[in-house]
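Next come two complexes, and both contain subunit A; in the first it sits with subunit B, in the second with subunit C.
Let's look at the complex of A and B:
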């Protein structure tokens, strides 16, 4: 680093080495038709997915379109509250603004029957026991606290039962099924 | 389809960044905390305020920091009648490019006057420091016209 010469009036004073530059953006979020439908049912403790009109793929949460084809998804299906871990990450380093006990596990949860996953917390599971393919179930907030919010599900916990084989877990399942169709 | 009231909710995105400042911006902010303004000298002798680590035209590393005056001139400006919630200023003010005496480039800051009628391009202004300085551009509360009665 090049040496910088400063006026002698700053000799001996503590140099500033960092500056706080917080960023804050305030939005009003207005969900579209698919997200509104999803949220209203989520407020009834139901999880909806969209059905792709192209190949029947189940997309959770529903976004109103199949992004692979740009196709409108108008059909909804109710999903079970069980699934498996497609992939996961154990966080050991605190993040400002995230008030979770360390270490915690975030995972891509694939609901039974779903073709895509979503990111959520996994708990009641020591990190060393977490694994791809592990079966999980939703732990909901108490009924009186349920609302139209993503916070309804506190986390996912191991539900027991045999793991999904690694080769079929998460997005690998998609490819495994494709392969099966090709071979059929 | 059932008819419902449209859903809507506030959504706030917030990042508590702390940035390291480097030798030049760090010295500039140190200066503000000590209530002086530093610029940096280019090879041709002109002075950049606020200072940059590299010459914007030639990309040469710049190292010679110099103190400039706390008075200057409004080069151009606009009037802000209704500051937004996150503005550093909570009342109407001018946002101006201010060329401090001894500097060759202007600095963006507020001119704290009550109405746009009292401001012109070329108006002479001087720094109004905050009571407590911490090494931040907000250590300058704004600029006041040199002839201002608020002096």
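Let's look at the complex of A and C:
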């Protein structure tokens, strides 16, 4: 530490090593046009996607933009409550603030017809049975607890039926389809 | 020095927008791309300015890239500054000779939070910020010094307010109660949500994209000391030096777009830059009437460019400021002449 000349009255006084200046700021967010439309319908147990004006890709959840092209998305489409797992992760270590039984599965869920996925939990499925391409369906909260919040869906559970082939699952599926279009 | 011009600009300001930053910026960015016929793959560099403290979330600028379209991946940068400084970074890239076109944008949405509190957080974190002085109070400290030293008088403040349009007459000005004594409401800014987007291009390309490119003939930015205790509130040496370095005095200025959020700042800046207190051409818009933190400075440059495109000016000055009490100042001189 650099030598500092202080008055002799401060001799032997413990130096200040840190100061605390708490900052608190409050914000009232507006979700924007797309998220607002999405959340309203999510509160009615409907899942909406945005349709890209550039190539018709279906983006879930809708953000009002096709981020690949910087294009405004104003068209919405209602999505089914079934899809497949594009990728997943099994968590064995508890995370502060998350009250989940271990191990739990976080997955990238692709709704049927959607071109992008989103993060959600998968349950009612032993981790060793979880796999890319596995078909899943939404498990909603009880109707009286549904609101305009991302927490409406408790988790996704296996819905049976044949898996989506690995090469067509998740974002790989999107690229595979694109490739197909180019070759067509 | 490589010649660089502003070839397209788009902007929007509203008191309170319900759009997200992405929804707000897409139409503006699309507009400047459409005006120039460039798509994102033809733009050499993209640079933006914004503040996480306004958005209330970390790395908020990354989200706003949704409005740009970074597929395939683009060369991009961001400054936690007014967009005028994003333009400066871009101008340096042009001088390096590695780009011929660029997209610059900036935006601010103060409406979700308290801008007075946000502005407090930029102050000295040990001795000043913990006291939470609001921006008007800090401006009041400066105004008091200026008035009591006789450097400006209240009639000048009133005339400046009339010129900027925050009041219609001196009588109306003096009828207003004090807001942050000695400042009245008419001396202080009204805040707005908004954004600006523009396209820049180098000589050889600019003429293809725009009938009358607004050439940057000089640009410079300087910073004054952060600590209030050693600042002389009655002078703005950073603005004076930046103006000299940007070549403000090398010719007549037809229009000066000043980023003055307070009447006191308008008067001080004019004094430091040797501009007439009663200009022949009024500004196209006044930050004191609609101040968008992070975008007001870039908007001044956009307005100066518009003055050139529309033939209102041959030589225009744009000024941007950041930090408390005109701490940092950027001056940009634009010319319609292909010199």
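The definition used in the following text is that the second predicted complex is superposed on the first by the 155 of 184 C-alpha atoms of A that agree within 3 Å, B and C clash if a C-alpha of one lies under 4 Å from a C-alpha of the other, contacts with A are read in each partner's own complex, and residues count from 1 in each chain.
The rule we apply is simple: a residue touches a chain if its C-beta (ideal position, glycine included) is under 8 Å from a C-beta of that chain, and two chains touch if they have at least 3 such contacts.
Since the structure is predicted, the reported quantities are computational estimates derived from the model, not experimental observations.
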**Request:** Could you tell me if A:56 is touching subunit B, subunit C, both of them or neither one (first, second, both, neither)?
**Result:** neither
**Request:** Examine A:160 and indicate which partner it touches, taking first as subunit B and second as subunit C; both and neither are also allowed.
**Result:** neither
**If touched residues of subunit A are counted for subunit B and for subunit C, the larger one** = B
**Message:** For A:12, using the defined touch cut-off, is the partner it touches subunit B, subunit C, both, or neither? Pick first, second, both or neither.
**Reply:** neither
**Message:** With both complexes overlaid on chain A, does A:64 touch subunit B (first), subunit C (second), both or neither?
**Reply:** second
**Asked** Does subunit B (first) or subunit C (second) touch A:142, or do both, or does neither?
**Response** neither
**Prompt:** Given the touch rule stated above, what does A:34 touch, subunit B (first), subunit C (second), both, or neither?
**Reply:** second
**Contacts of A:72 with subunit B and subunit C, given as first, second, both or neither** = second
**Message:** By the touch definition above, which subunit A residues appear in both interfaces, subunit B in one complex and subunit C in the other?
**Reply:** 19, 21, 23, 25-31, 36
**Asked** Can you list the subunit C residues touching subunit A in their complex?
**Response** 17-20, 22-23, 26-27, 29-30, 40, 53, 56, 65-71, 111-114, 117-118, 121, 125-126, 129-130
**Asked** What does subunit B use to touch subunit A in their complex?
**Response** 4, 6-21, 23-27, 29-31, 33-34, 36, 38, 61, 63-67, 85-86, 135-136
**Message:** List the residues on subunit A that touch subunit B in their complex, please.
**Reply:** 1-7, 9-10, 13-31, 36, 39-40, 96-97, 148
**Message:** Which stretch or stretches of subunit A touch subunit C in the complex?
**Reply:** 19, 21, 23, 25-36, 63-72
